[in-house]
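The following pair of complexes shares a single chain, chain A, combined with chain B in the former and chain C in the latter.
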Partner chain A sequence: MAFPLPRGITPPEISFLAEMEMVTILPRQRLEGLELLGGPVEPLIPPRRASVPLWLALLLKRQRRANILPPSWLHPESLSFILDIETQYEEYKETFSPPPPLPGQPFLHDRGERAVATPRFTPDGDKYYPAPPFLPQNVARDHVPAQELQTLPFHWLEVGNMLLEAASEDLVDPDQTRRLLKELREVRMAKIRSGVDALDAAAMGGGGVALTGVGAIELGEGRRFISGVIDGLRRIGASREQARREELAEEMANGGYDATQDDDDEMEF
Partner chain B sequence: MSYYDIDAILTDAQKLPCTFELDVPGLGILEGNPGENIKAGTRIDLPLWLGEMLSIGARLGTSRLVTLDLPYALSDRVLNALKADPRTVDLRSLAPHFYSLSERVLELFEEEEMVDVLSNTFKKRAAQIADHAHNPQGALGQGADFLRGLDETERQLFRATHDSAKETRVWAGESKKK
Partner chain C sequence: MDIDDILASVDRHDPSTPESTALDHQLLTRFWVAERGISELLPWPGALMDRMMERVRRQIETIEDLAAAASSDPYTDPTTTTTTTNPTRNTHQATANLTLSILQTDLSRTQYLLRSLLRQRLSKLTQHSMHYLLLLSAPSPNTSQSQSQSQPQNDDLKPEDTIPTPDTTGPNPPLSAPEVQFLHAHQLLLAKHYGDAFLGSFPPQLRRLDDNAGGTSMVQGPDAKEVVFVRCLVEEVRVVVPPGDGVEEEVLGGTAMRMGDVWAVRWEGVRGAWGRGEVEVL
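Here is the complex of A and B:
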C-alpha cells in the first residue's frame, strides 16, 4: 500500500531488459574487442558480421559505424504469415503463435519427438543449457528452419520497435513492417482480453491461463488486468473455498479418506 | 485486507437489515427516538460491523440479539437482474463497495448460488471494463453510463488496466505523455 509504484514493471523497463538481446551487425569500422559485464564482444572487423547486444548495436548505428541485419522474423513476409496464423486458423483462435523452440527441444507441433538438448560449456568446463533471454533469437542467420519463421521471440515487440525507430533503413520494408507489428499487437491484445473466461478456473484452483508465446511487453500490459480479475474472483469464491477446505478436513478427520496417512502417523511412534 | 485499507473500512460501514430478537432498553436512538426502548421484532439497518458483532451471540451459545438479513444489494431481485444481463445493472447505486460487501455477506450466509451469479457477473463486466479501458478516450467516450455504474473494486480494475494500456501506448510513441 505504501509503495507508490503499481505492481509489475513498466514498458520502458521491459525495453531496457530487451536491449540485452543479441543482434547481428555489419560493422563499417574496426573496433577492438570489448570486455563487458555481460560477456566479451568480439573485435569488429568489416566486412565480417558480428553479434553484439542490441544497445551496442543501436549506439553504433546512430554513430553510423555499423548496419544492423534484421532478424528473420522481422521480415514482412514472416510477419504477415504469423498474422495469418493468428487470425485465420480456428485452432489459434484463443492461443498465440508458439514461441521459438529452445535449442534441442522439439517443436510444439510435434510433441512426440524426444528432446535432444545440446549442452554448452562455460569457460570452467561446467555444463549449462541456455534459456531465454540468453538465446540468439534475434540474430540474422543464413539457414533458418521453415518452422522457426512462424514464431515470435519473447521480446519481439520491443526489438521490432527499437529497430524500426533507429535502423528503419536497414529493414526490408519498414512501413509494411510497422503496420504488421501494430496489427499483430492489436490481434493478440484482444485475445488476452477475451481470455477472462479462463481466468475463473485459475482463481478457483486447478485451472490455469495459457500465456505460451506471449511477449514481454504484452505481459507487462496485461499483468495488472489479469491479476486484478483473478484476485476479484478469488475473493468472491473465498467462502466456497473455505467450505471446501472444511469438508476436506472433516473427511480426513473421519479417517475414511486417507488410510495411508494413519499408517505414517503410527510409524513415528 | 489491511488494517488501514480505506475500502475495507468503508465496506464495514455499509448497512445490513437486522431484526432485534430481544427488548433493548435505552437503545431507541438507533431507531430515531432517543430515550425509548427497542422492542423485539424491530427491523433496523445497522452497519455491517455492528450487525456482525450483535448477531455473533448465536455461535457462542447465548441467545442472539439480532438476526441478519440480506441487504437489498444482494436480494433476489438484484440477483435475477444480474443473471439476466450483468452489464446493465448499476452496481454503484446499489452499494458503492458491492463486491467487498458481498464478500463479507458470503462469509455470514451460506449462499452457493450467489457465488456463481457474482463470479459470472464479475467476469462479464471485467471483459467489458477491459474494452473500455483500452479506448484511448478513457471514460469520456460512449459507455460512460456503464463506467459510472462500476463499484469500487471494478473502478480500481479499470484504472489499473487503463494506466497500463496508456503506459504502453506512450512507450510505443502512439500518444503523448501528459
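Here is the complex of A and C:
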C-alpha cells in the first residue's frame, strides 16, 4: 500500500495544519530572524511582541523561552458571548455562529457593503486568495474595534486545546475556558447531527449543503458520515437524476419549454 | 482582466525572496489538503514542486553547515577558553542549538507535507492505473479502437499488450515524469502477473485489460461525483453540472456560494472553480 490513510485529511493532519496558525508570543530571550521553509520568522527581541507559527510558539513555550499571548476569542467573555449566539438566537438555531470574515469580506451586520476579494499572484501567474490557517485569526490584539463581533476561527478547537495544554498559565481563567470550549463543542456537534435532513440537497447535481462556520476538526470528524450519507442518497436518486437530465437535454434540443410541453403530456396517455 | 490584475501580475514575486517562500509554502499546503480530499489525481504542480525541492535541498545544506560549525566549535579553541568567558559561550551554544532545532523541525514539517503528497498520488495511481494510462494516451483513441478490433485474431495476445504507451509530450502533463514511468512499469508488471496467473489460460479475445464489450468499459476511474468540502474565496461561485447524460453543455446549478461560505458539493461541480483558485478544498 502506497498510502494507508483514508481520503480527506484526518484529525492528526488537521492538528498539523492548525500548528501553522500564527500566534503572538512575548519572547523571553533574543533570537535572530530565521529563514524557514514555511516563511521568514522575525527576530525575537524581548519585550517586543512577535508573531510566529503555533508550532514554533509551542516549542519556545515548552523550553520556557517565551510566553504565548492568547487570541482575543480565547477569553471566557468572548467564548460565553459566542456560546450565547450559538444557543440563544433563533437565526443560528440550526447553523453555526458566523466565522471570521476573509480579507475583503464585510462583517455580517453591514450587509450593504459588497465583498471584494483581492487576489495575490503566485509565481506561476495564478490567482491566490489566502485562507486559514494563513490568516492572522489567532494573534493577540490590543485594540478590537467596537463594531467587530467575536467569532470562532476555523481551527478554534485545535488551537484552543493546544494552548490549554501547553500554555494554560498564559490564559485568562483556564478552567472556565476549558469548560466553555467543551460546551461549545457539544452544542455544535448536536447541530451537525441534526443537520442530516438537509443533506439531500447535495445529492443532486449542482446542489450543495452549506456548512458555513464549521470548524476544521468538526469537519474532519463529520466528513466520513456526511459524505457517506450524500453519496448514498446520490446512488438512490441516480436514475431520477438521469431522467431529469434527459428531459433537460430534450428541452434544449427542442429549443424551449413551452413548445414541447403539450406534446409530452399527450405522449404519456 | 482589469488594470489591477495586470499591475498585480507584473508585480510578481521573485522566487528567491522570503515572501515568495511563504507563499509557496501556503500553496503547497493547500494543494496537499486538496490532493488528500478528492478522489481523482490533480494536475502535477511542476513549477511549485521544483521550487520546493530546491529550497529543501538548500535548507539541508544550511542545517549541515550550522551543525558542523556548532559541533566543531568546542574543539577549535579549547585552550583559549577561560572560566570567565564560559557563561557567554554557553548561552551562545544554547542559542545555536535552539536555532538548529527550529530549522530541523521546520524542515521535517515540509518534508512530511511533500512525502504525504507524493504517497497519496502514488496510491491514487495504483488504484486506477489503467484509467490514468488511458488518459495519458488519450490523443489517439482511433488507433486503440482499431487495435481492439484487429487484435482478437492474434492467437498469442498477452494482457500486457493491451497497455497503452503513455504519451508525455503534452504541454501540461497531469503527472510528473517519474510518476508516468512508475505507472507504466506498475501496470506492465501487474498485467504480466495476471497473464501468468490466470488470463493466459483464457481464449485470446478475453485477455484484454481494457475490454469494452457491450458498451461497458472495464476500466474504472475515480468517481468525480463524490462530495468534497470547499470554502468559497471570491465574491460568488456557482456550482455547475458538467456535460453528460445527453446534455451537451455545462449547466449552472441552483447553488451559489458566497465569499467565506463552506459547502459540501460534488467535486465535478467545483472542479473548474478550483482550477481558477476561487475555492479551496477543506
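Definition applied: the second predicted complex is superposed on the first by the 221 of 269 C-alpha atoms of A that agree within 3 Å, B and C clash if a C-alpha of one lies under 4 Å from a C-alpha of the other, contacts with A are read in each partner's own complex, and residues count from 1 in each chain.
Definition applied: contacts are C-beta pairs under 8 Å (C-beta built on N, C-alpha and C of every residue); 3 or more make two chains touch, one makes a residue touch a chain.
The structure presented is a predicted model; accordingly, all values stated were derived computationally and were not measured.
By the touch criterion stated above, A:R240 is placed in contact with chain B alone, chain C being left untouched. Contacts of A:S15 after superposition: chain B is touched, whereas chain C is not reached. Touched residues of chain A, counted separately for chain B and chain C, are more numerous for C. Judged by the touch definition given at the top, the superposed model places A:G232 against chain B, while chain C stays out of reach. Of the two partner chains, neither chain B nor chain C is touched by A:A166. By the touch criterion defined above, A:R223 reaches both chain B and chain C. By the touch criterion defined above, A:V187 reaches neither chain B nor chain C.
By the touch criterion stated above, A:R65 is placed in contact with chain C alone, chain B being left untouched. Legend: residue contacts after superposition of the two complexes on their common chain; A:L26 is shown touching neither chain B nor chain C. Touch criterion not met for A:I85: it reaches neither chain B nor chain C. In the superposition on chain A, the residues of chain A contacting both chain B and chain C are 1, 8, 199, 223, 242.
Listing the residues of chain C that touch chain A in their complex gives 4-5, 8-9, 11-13, 15, 18-27, 29-30, 33, 36-39, 47-48, 51-52, 55-56, 59, 95, 98-99, 101-103, 105-107, 109-110, 112, 116, 119-120, 122-123, 125-126, 225-229, 231, 233-235, 239-241, 244-249, 251-255, 257-266, 268-269, 276-278, 280, 282. The residues of chain B lying in touch with chain A in their complex are 2, 4-5, 99-100, 102-103, 106-107, 110, 112, 115, 118-119, 122-123, 126-127, 130-131, 133-134, 153, 156-157, 160-161, 163-165, 167-168, 170-173. Of all residues in chain A, those touching chain B in their complex are 1, 6, 8, 10-12, 15, 161, 165, 189, 193-194, 196-197, 199-200, 217, 220-225, 228-229, 232-233, 235-240, 242-243.
By the touch criterion stated above, chain A contacts chain C in their complex at residues 1-3, 5, 7-9, 13, 16-17, 20, 29-32, 34-41, 55-56, 59, 63, 65, 99, 101-102, 104-105, 114-131, 133-134, 199, 202, 205-214, 216, 219, 223, 226-227, 230-231, 234, 242, 245-246, 248-250, 252.
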